[in-house]
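Next up: the structures, one after another.
In what follows, chain A forms one complex with chain B and a second complex with chain C.
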Partner chain A sequence: MSELLLQVRNLHVHYPVDGGVSRAVDGVSLDVRRGETLAVVGESGSGKSQTMYGVLGLVPRPPGRVFGDGAYFEGEDLLRASERRLRGIRGNRIAMIFQDPMTALNPFLTVERQLTEVLEVHKGLRRKEARNLAIEMLAKVGIPDPERRIDQYPHQFSGGMRQRVMIAMALLCRPSLLVADEPTTALDVTIQAQILELLRATRREMDGSIILITHDLGVVAGNADRIAVMYAGRVVEKGPSREIFESPLHPYTRGLLASVPRLDAEQKAPLVPIPGQPPDPSRLPSGCPFRPRCPAATARCAQEYPPTRSAGPEREVACWVA
Partner chain B sequence: MLGRVMEEASTARPLVEVEDLRVHFPVYRGTVLKRKAAVVRAVDGVSFAIARGETLGLVGESGCGKSTTGRALMRLVPVTSGNIRFDGEDLLSLRGEVLRRKRRHFQMIFQDPYGSLDPRMTVFDIVAEPLLAHGMGGPDLRDRVQSMLERCGMNPRYIRRYPHEFSGGQRQRVAIARALILEPSFVVCDEPVSALDVSIRAQVLNLLVELQRDLGLTYLFIAHDLAAVRHVSDRIAVMYLGRIVELSPAAEIYRRPAHPYTQALISAVPIPDPRAEADRQRIVLEGDVPSPLAPPRGCRFHPRCPRFASLGAVQKARCREEEPLLRVLGDGRQVACHHVD
Partner chain C sequence: MIRFVLRRILGIFPILLVVFTFSFVLMRVAPGGPFDAEKPVPPEVKRNLELRYRMREPWCEARFLPALQGVRSPDEERALRRASPWASRAERVCTGLFQYGWMLGNYVRGDFGPSYKYKDRSVNEFIRAGMPVTLQLGLLAVTFALGIGLVAGLVAAVYQNRWPDHLAMIAALLGISVPNFVLGPVLILVFSLGLLWFPPARWESLSHVFLPGLTLGSAYAAYVARLTRGGMLEVVRQDFIRTARAKGLPERLVILRHALRGGLLPVVSYLGPAMAALFTGSIVVERIFNVPGMGRYFVDAAINRDITLAMAVVVVNAVFLLVANLVVDVVLGILDPRVRYE
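Right, the complex of A and B next:
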């Protein structure tokens, strides 16, 4: 259980901007264990997607710059792997699904063509074999009448069904890591429930790990074993899901939990908003980037970024005050 | 203040009364010889009333007709049939200049603070424009714009800046100031926080609640986020395929949802608490929402209804044939289902 599938160490993803650098990811370290779901939580611009793009070699370079102490996947450092090697890993050992399946699926190709291509490229299967496997996978992710639907184009599927096609495509090569980037954000809530159910079943079956990237704390609560909370390009808090929700340590995590309306809360119990807004990653404030919005900030917080320290057996936090 | 408003609400006539509202959009085929190919029944027989000072929440999934309902109330889309009374007056009979003058009493806040503000206008001009358009300028124009912006949490120092210089949350504050500068009594909020970052949403929700309390506003609050809607609403209407399937007090809708669709919707909303999540009974609906071009006969929900399978043959036939009407249960809840007592 404790075996590490992915170890990211001090990862940076920087982009040049007028007269400076935008620090989209600013020293992120993460571990993903075999068989777990790790949720990476943050708002837009917090660097949660950029972290995975950096690890998987998907940051456009130039202008982007990716560096760090390593991103070890099954023992191999992806930051130092060749583009050719990364292409062999992506879609094969590590698969991805995105918020909007329409941008990830080719609108000019049938679903069959797109699914079988994955198997032909990565597994060297012949078309007929690949087609049979693809139909089997479509049935498994809950697409009715897969023998007929496999010959259709993406636009002939509803949003929820397209996301199922994406998941089928991602699972075809039996990856050991599935990166799901806001997989249900574009979907209605009853369809979201269907897709989350499918992801839970998928993880049980594939015996691999999932990185769930999301801004939605509700989605995290029902689906993650551990959580990493990101703010302004850094991980500010890490720990087991239940502990983070029950005793959040970082003032940002506390603020986030207090500001989200809950369906099961006392009605009209006032929300406690976080004042201000997230910083521009090209103009980060000195010291801790959350300081200008933090109710607990001290003079020290303006001077130095708080180092990540252990806060219990499985917990880590980057805060001078917590 | 709130007490007085509530008291008035219980005795006086509702501010907004909607009766059997239908908004159908024709779909045309062909470019030269256009002919009507089909009709989208976006809103298909909706009735409700909103009391003065009340917030009615309107929830449902994409395509259910909630936004079209809001737009019809603002007279922004042509209404096919039905009645809308605003402050006792027949809103659908108003035309031209009379309608234009009436508009200052009902205003709308949109989802996208990026698309709803003119990028070439300064914050001052954006908020002052409605006053000028209604000939309500006057020598104190600047003061009124400033104090409304301040009331909406904007620093009046930024009055000469342009929308692109602000974040989404600040732009939404400008949009709210613009909507309220004419002192409307009724405001339709259409997904007012969905486009904002999580940490900003609570700021704007709190602001809307505060403004309602201080200015005695009446809201129709449209959103797909049931938790946010429940937070601000007194009552909630749930829409499915152009119809209201349930209309209940906000406190009841989570505790004991009556309609099978409401039950499924509630059970699908994730709660940010792992313990609460682990204990929940999930009802996962099968399939997708049918097209509003051809809604199912009888009860529109019956092809996906989790209760339908367990019904007897006679009851099933009724669901297939007869469209259920919204009826009042003993305790103030209204539900459109043949099989709820």
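Right, the complex of A and C next:
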């Protein structure tokens, strides 16, 4: 088995709310191996992004609170690292790209400024050297005429081109882990395919790992080696993506798969939505948080949170009935 | 951008013509005239004054109300006018048009005309004497407003809801709510009479400028602080700030390079009208510190029906406001690349 690049153990991200605590992330454990793509899947508010913010020290503290048994990246526990140390890792060893490239790039600064500063801060390069590397990187992510376009502002780029700029920015320091937070959600379908292809090519080339955060199982298929399904701040099911697609164990995973339209399915197979809404993370129901929406719920589900148990060589699931 | 600036500068002139016309009509319509005094002057003197200052036009009198010609006492004139109100009105409008043309001609030549009240001085002399004083005072006030306001606002935003924020916002609330006529005397008491650091009044050296500048600028500093804080807090919530942090930038760069530009936009927009107001002087501050600036003319001229002086003050204010807004638009365009000059 290949070496672990990132090991998150029992991570919590809590925010105080009126008269209680909102458990955005409630005991998440994840592993990312070198060279693989891990997809973290779940509805909005399931804590997928917050997990990565927690690991990277991007949770605003106060009011947020981050704790856990550890988040080991290349052997170093990020939960106990100093802010200064984390800053040296962010954008350097672990880079992030975000959902909406319209708002994730600074509209007041040129692309050149936003790219070169990464190299200036992390590699101590001078502006001129950084600029040359940045132009190279823009060409690599498929931006035509980079010598000219690097001096433009984000609003002069199309949505897909902006996401390419984001990716170029993330890759400048050759990170060993790229966190792609809903990288295609804000883009047209044809552009989505291009960006996903670019991410695939990127992983091959940089020989690093990718965490693909998404709510779109269509994006996961064919792009991820393993999947972690999150619900209400916890990982409810984990496993190789082929197995999860073929034989989902957790009722939530099954619901997710049944609610995705498929071209290869029989015409009569109905699209089944999951009834109800995800719970408010400050008022979780007793027992299993999926219980109120679960078709297979039993009395036991209301009493105890189901422990995570092994279900096969590389599979884990947290459910009483699965 | 140069074309944009040139077009805006050309656009200033029609606006000024409207301002000029409107204030002229207001001054003429207001009851009373510049030569009405508690102790009436002899009718001959008054008539000559009015002729000299174009308040009376012989051609219009001959055309519409010939009975007015010659020397009349005010009571006689009033009776004559009451007897034929339409002719009287026509004569007034006619005279007004002549006066308007005369003043407009003067303005085109850069001459604001003679003062109606201070008969030995021209309005240009007043402005030449008062404007440098007002400009210095205004410049210092703007410096205070920006210096204090920006720093306080930034600190408040960075330490949101902690004690530096509360301190800055309490100070800003005081700055906005304490009026000039209270702050000025308090500053004099403390810094002139108490600590003997600054002179309490007059306008002689640089140290004389300090207290009036601070008094004038304090309310603006308070606004700038609140706008800076609000603008920064607005920007800091944006996605691109999260991106900047995810890039591993030190907090100093996140705030100063990534957040500050956007956070300053509301401050810059506010600075246009604020600078125009500061550069036209403040009657209160000038009275308290005995500063010979333009502010006092603002009120005096209007009360005295000193048409030329009042209009000059209004037009100069309008020029300041228009130029300040133009500068603001240019600066906004420099700060925000998405702004287009059309």
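Just so we're on the same page, the second predicted complex is superposed on the first by the 320 of 322 C-alpha atoms of A that agree within 3 Å, B and C clash if a C-alpha of one lies under 4 Å from a C-alpha of the other, contacts with A are read in each partner's own complex, and residues count from 1 in each chain.
Just so we're on the same page, a contact is a pair of C-beta atoms (placed from the backbone, for glycine too) under 8 Å apart; a residue touches a chain by one contact, two chains touch by 3 or more.
Since the structure is predicted, the reported quantities are computational estimates derived from the model, not experimental observations.
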Fit or clash - chain C, chain B, common chain A: fit
Chain A residues touched by each partner, larger count belonging to chain B or chain C: B
Chain B versus chain C as contact partner of A:Phe108, first or second or both or neither: second
Which superposed partner A:Gly160 touches (first chain B, second chain C, both, neither): first
Touching partner for A:Leu257 - first (chain B), second (chain C), both, neither: first
Chain B versus chain C as contact partner of A:Ser82, first or second or both or neither: neither
Smallest separation of CA atoms, chain C relative to chain B, angstrom: 6
List of chain C residues in touch with chain A within their complex: 238-240, 242-250, 253, 257-258, 261-262, 335-338
Complex interface listing, chain A residues touching chain B: 43-44, 158, 160-161, 188-194, 196-197, 215-222, 241-242, 245-246, 255-257, 259-265, 267-268, 270-275, 277-278
Residues on chain A engaged by chain C in the complex (per definition of touch): 56, 58, 86-92, 95-96, 98, 100, 103-110, 113, 117-118, 121-122, 153, 155, 166, 169
In the complex with chain A, residue positions of chain B that touch it: 61-62, 167, 169-170, 197-203, 205-206, 209, 224-228, 230-232, 250-251, 254, 264-278, 282, 284-285, 288-289
